[in-house]
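The following pair of complexes shares a single chain, chain A, combined with chain B in the former and chain C in the latter.
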Partner chain A sequence: MSQQILPFYLVCDESGSMSGEPIEAINKALPELHSEIGSNPVVTDKTRFCLIGFSSRAEILLPLSDLSTVTEIPALQASGGTDYAKAFDVLRETINDDVNTLKAQGHQVFRPAVFFLSDGLPANNGWEGAYRALTDPGWRPRPNILAFGFGQADQQTIQQVATTKAFMANGQLGPAQALQEFAKSLIRSIVNSGTQSASDQTEGATLVMPAEVPGFTTITAEAL
Partner chain B sequence: MVPTVRLADLHLDEVLDKGGQGAVHSLADRPDQVFKQYFLPTADGAALSALVGFPATLSPGDRRTLLESAAWPTEIVVEGHRTAGFLMQRVPARFAGRKANGRHQLRELQYLLFPPKPLWGDIEPLDVFERLFLARRFIEVMGVLHRRSVVLGDISMRNILWAPGEPPELFILDCDSACVAGTVLPQADTPDWNDPESRTSTSDLDSDRYKIALTVGRILSCDAYVRPGTGLDLLDGLPDEVAAAVGTTFARAAGGHGTRPTVDEWARALSGRASIPLTPPAPRPPMPVLPLTDTDRRGPRGVIQLRPYQR
Partner chain C sequence: MTQSSRPETTGPVPPPAELRPLPPKPVPAPVAESRPVITVRASVAPPPAARAEPLGEPLVLVGSPRLRSVPRAFPSAPGAPPDTVIDGGEIGGLTVRAASLRGDDHRHLCEPRQDSFALHRFPLTGRTGEPVLLACVADGVGSQPLSHLGSAAACRFLGEEIGRYADRLLDPAGEGDLNALCRELVTVVAARMEREAAVHEAAPKALSTTLVAGLFGPAQANGGRRVVLFAVGDSPAYLLRDGDFEPTFRAAGTDEMAGAPTFALPRVGDVEVMIYECVRPGGMILLCTDGLGNPMHAAPVRSQLAQWWRTGPPGLPAFFWQLSFRAQSFGDDRTAVCVWVD
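For the complex of A and B:
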């Protein structure tokens, strides 16, 4: 049956600096995310979820899926550097493929939402070019990007990556707790978007974004 | 006098739920009740009083039906002169299941509208006869409201709960969106559960009737999106008479305001009783309006002779 679908992408930094508590916090949050989304029939029906890990390279760990049908998910594992260009290239390609596949299945697809999480400065390899391709106004499925920075992440860079909202860890919570809050905000955003996405075809779906995330300071995304 | 309690006299425990309009708190000294606290200071105290006072106006049977099956506001909570919210019955434990990861989950109507998944844990959808029973119960509760022109408003896959059992039970949430006289807060609508004919953001009996059709049709077809005007593919196993009556009643809800099936018509459709079409009596022809004429002309008056007075 033809459905209206709002795809979510979690693009998560798994560089060496994420090792220990931070990566464990995200890995621990994934079953929670799976259960909350997958056990909610309406949300499951209207959303899809994809997990991409990136370090010196980027890898699709869970292809865009209906979470209620997923029984296992590869764990994030810290190693290597921080290459935003690889992450954005893989993200653009997979969004393009996913949207085409969903459309070919007869679904109506809404603008994808990306939750981007990083704890470090990107390698200086001209990632801005890959970013421009990802957010190119001429490319119809260009996603809404919410960027979260913590650890060594640079506020200005996180602001640059975000198209809608940026969040910087403010040190009020430890990394594990802050990342738990990050995961909770992702779950809430998916659940609320899934239940509130408009039924009126002309109105499109509403991406419900977190206004505030405990442990993070909300920053306006930089206007391009 | 509407039952009222001061906010300062409540012992708030944990926050159970948080929505756009308010938060629901458990109460340390009232285990069977919860407190819904409004975020907005604009809650209409008079309309809420009317809701709280409504059950007292019902017959004992109707009152029991309503209070057993709905989280109806039962006491107003005030803070100074301001209406802070209201108390209502806590959702009984049997209306929650346990998901595969052991967490509690309310048995929302949405679990009857999709094929079951292992992640749902012990939330196992009802069979077709249990669904029919649940639909009848829903109509019974809606009948208590509609026969007194009370509009429920936000009827959706998340505001209706069910519990397995013999018979299965029903529990309606968010009843403060109902209106007896005026609305408490602006009406909320759930996507996929809106009345397409409704131009305004307020609900009335007709928009409720549309949503009643959605509820009954979707429960009995296990289809979360079916709407009147499109084919209703009912689950196998319903009695033929019920299936036929539900099909035609559902289709009629596609009509405009004023033509949607009422709760009584739904009750009849779900009962499976054949109905006998009656020809309404022809209206009495109006009296002809003719010029009035004197049909009985008075003749000349006689004279009554009186006897002269005699001394």
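For the complex of A and C:
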């Protein structure tokens, strides 16, 4: 039963401002993502995937799963506001439960990876506290976070959310194309992390970060 | 045209001209019957009856791997080593089995094996010239482009430098200096690796590799022998004793997340040193990469390997087959050097 497992979380903003083309682009990209991950044996053998959507609330749309056994993924639906605090709280609790469950099953768990995708300005409700809990150095399963900003997203906020790398859509691609490039980058990143996590240990990272994503400007993550 | 109109074929078909057989060698004249005979007898005993059962596909010991265990396209990286290397031998009462297998991830992605090992034998200069063994295992760091060259270089350089240190490392009187000596030796190896990186016009980091080594001294009067183990990075070593593997270096906490940072040459970092004063006959020391050490955290792998190896060294084909066991999610290169004390 003892396997090496990389838990991977895709956390998507599905607030009202994402309605129309952006949300459709993500929903269109999900089957592609599923097919790519689920049919790549190097990745499926050691990656588990979880989808979380957030707006005024946060919801686990797909619990941590072996994608090769998944046949349906709930679609994202745009509505409501942008509550980062809810997203980070649910993410922390989910990661904590998942890692504990995997460890109790005897697995060796790699540091979780999070792709965080948002187009909006978060509600000013003290989300920084929830973020600090999520990235607390004293909390062992704290994830590596890549953040992607779209549309009206505030660059400084996206920078603040990322622990390793942040990307801002640069307007050269429309939102749909930018999201498709995002999905491709996500796939490459999962393939690489699934592939290299076992041996790539000098940097202590379990995720191979994309250096750049077409349609996005790479910005450095803010030092914590 | 009827059958009978074909040309009649009689006798064997003559071979094509280019395959003409050589004329037979002349038979030597028979020995004269009148000569006296000398009785001779060969003393080669037949080998012990080997089980002729076929080994079949490697055992699946963890999960249900969906990744196939086959090499695909040859890797295109410069200096890529063979998919698998197997070696073995006997030296001064030690029996060695060693193999380095490319991981199924690297096979799938047509990338080179980054693990290396080397077995260096040499006489001890300061004593009676008894043969000693230095076994080295190195795990090239996955993210670095030339780490397959780095792991091989570390093993080679250590073999070239050990001669000036072996006597002192194995001298019980010099035990107080052991840590400093090992560190000095590793620092010399690291410096040579930095020069090697320059030859490849690469940053030293491109050759990043762990290194674990075991220097096996000559048999002592009491039947045991002194073994000095030292390591940079997370490649482990074990002593197989009483049917189970004991880690020789400090074990990583089970509460930690997997994939923690490791030290890697040519940065010297911490050099861990362990000394076994007296490894008894029947004992076995395993040096390996985490491609084997990690799946060994799974009980089925650990117990199966112990069962195979507790009774002594297997033959080379069996050793390769055993080390080829399948374990879902463990797609890293797998390297093991096993040294049994006879």
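A few remarks follow.
What we mean here is this: the second predicted complex is superposed on the first by the 216 of 224 C-alpha atoms of A that agree within 3 Å, B and C clash if a C-alpha of one lies under 4 Å from a C-alpha of the other, contacts with A are read in each partner's own complex, and residues count from 1 in each chain.
In this text, a residue touches a chain if its C-beta (ideal position, glycine included) is under 8 Å from a C-beta of that chain, and two chains touch if they have at least 3 such contacts.
What you are looking at is a predicted structure, and each value in this text was computed from that prediction instead of being measured.
In the superposition on chain A, A:K165 contacts neither chain B nor chain C. In the superposition on chain A, contact is made by A:S68 with both chain B and chain C. In the superposition on chain A, A:R48 makes contact with neither chain B nor chain C. When both complexes are overlaid on chain A, the residue A:R92 reaches neither chain B nor chain C.
With both structures placed on the common chain, the touch criterion links A:P141 to chain C but leaves chain B unconnected. By the touch criterion defined above, A:F110 lies against chain C but remains apart from chain B after alignment on the C-alpha atoms of chain A. Looking at the superposition, the partner that touches the larger set of chain A residues, chain B or chain C, turns out to be C. Shared interface residues of chain A (contacting chain B in one complex, chain C in the other): 1, 41-42, 44-45, 68, 195-199.
Residues 99-101, 103, 105, 110-111, 113-114, 117, 119-121, 157-158, 190-192, 194, 224-225 of chain B are the ones touching chain A in the complex. The residues of chain A lying in touch with chain C in their complex are 1-5, 41-42, 44-46, 68, 106, 108-111, 140-141, 195-204, 206, 208.
In the complex of the two chains, the chain A residues touching chain B come out as 1, 31, 34-35, 38-42, 44-45, 68-69, 195-199.
By the touch rule above, chain C contacts chain A in their complex via residues 62-63, 65-68, 103-105, 108-109, 114, 139-144, 205, 208, 234, 255-262, 264, 290-291, 294-295, 297-299, 327-333.
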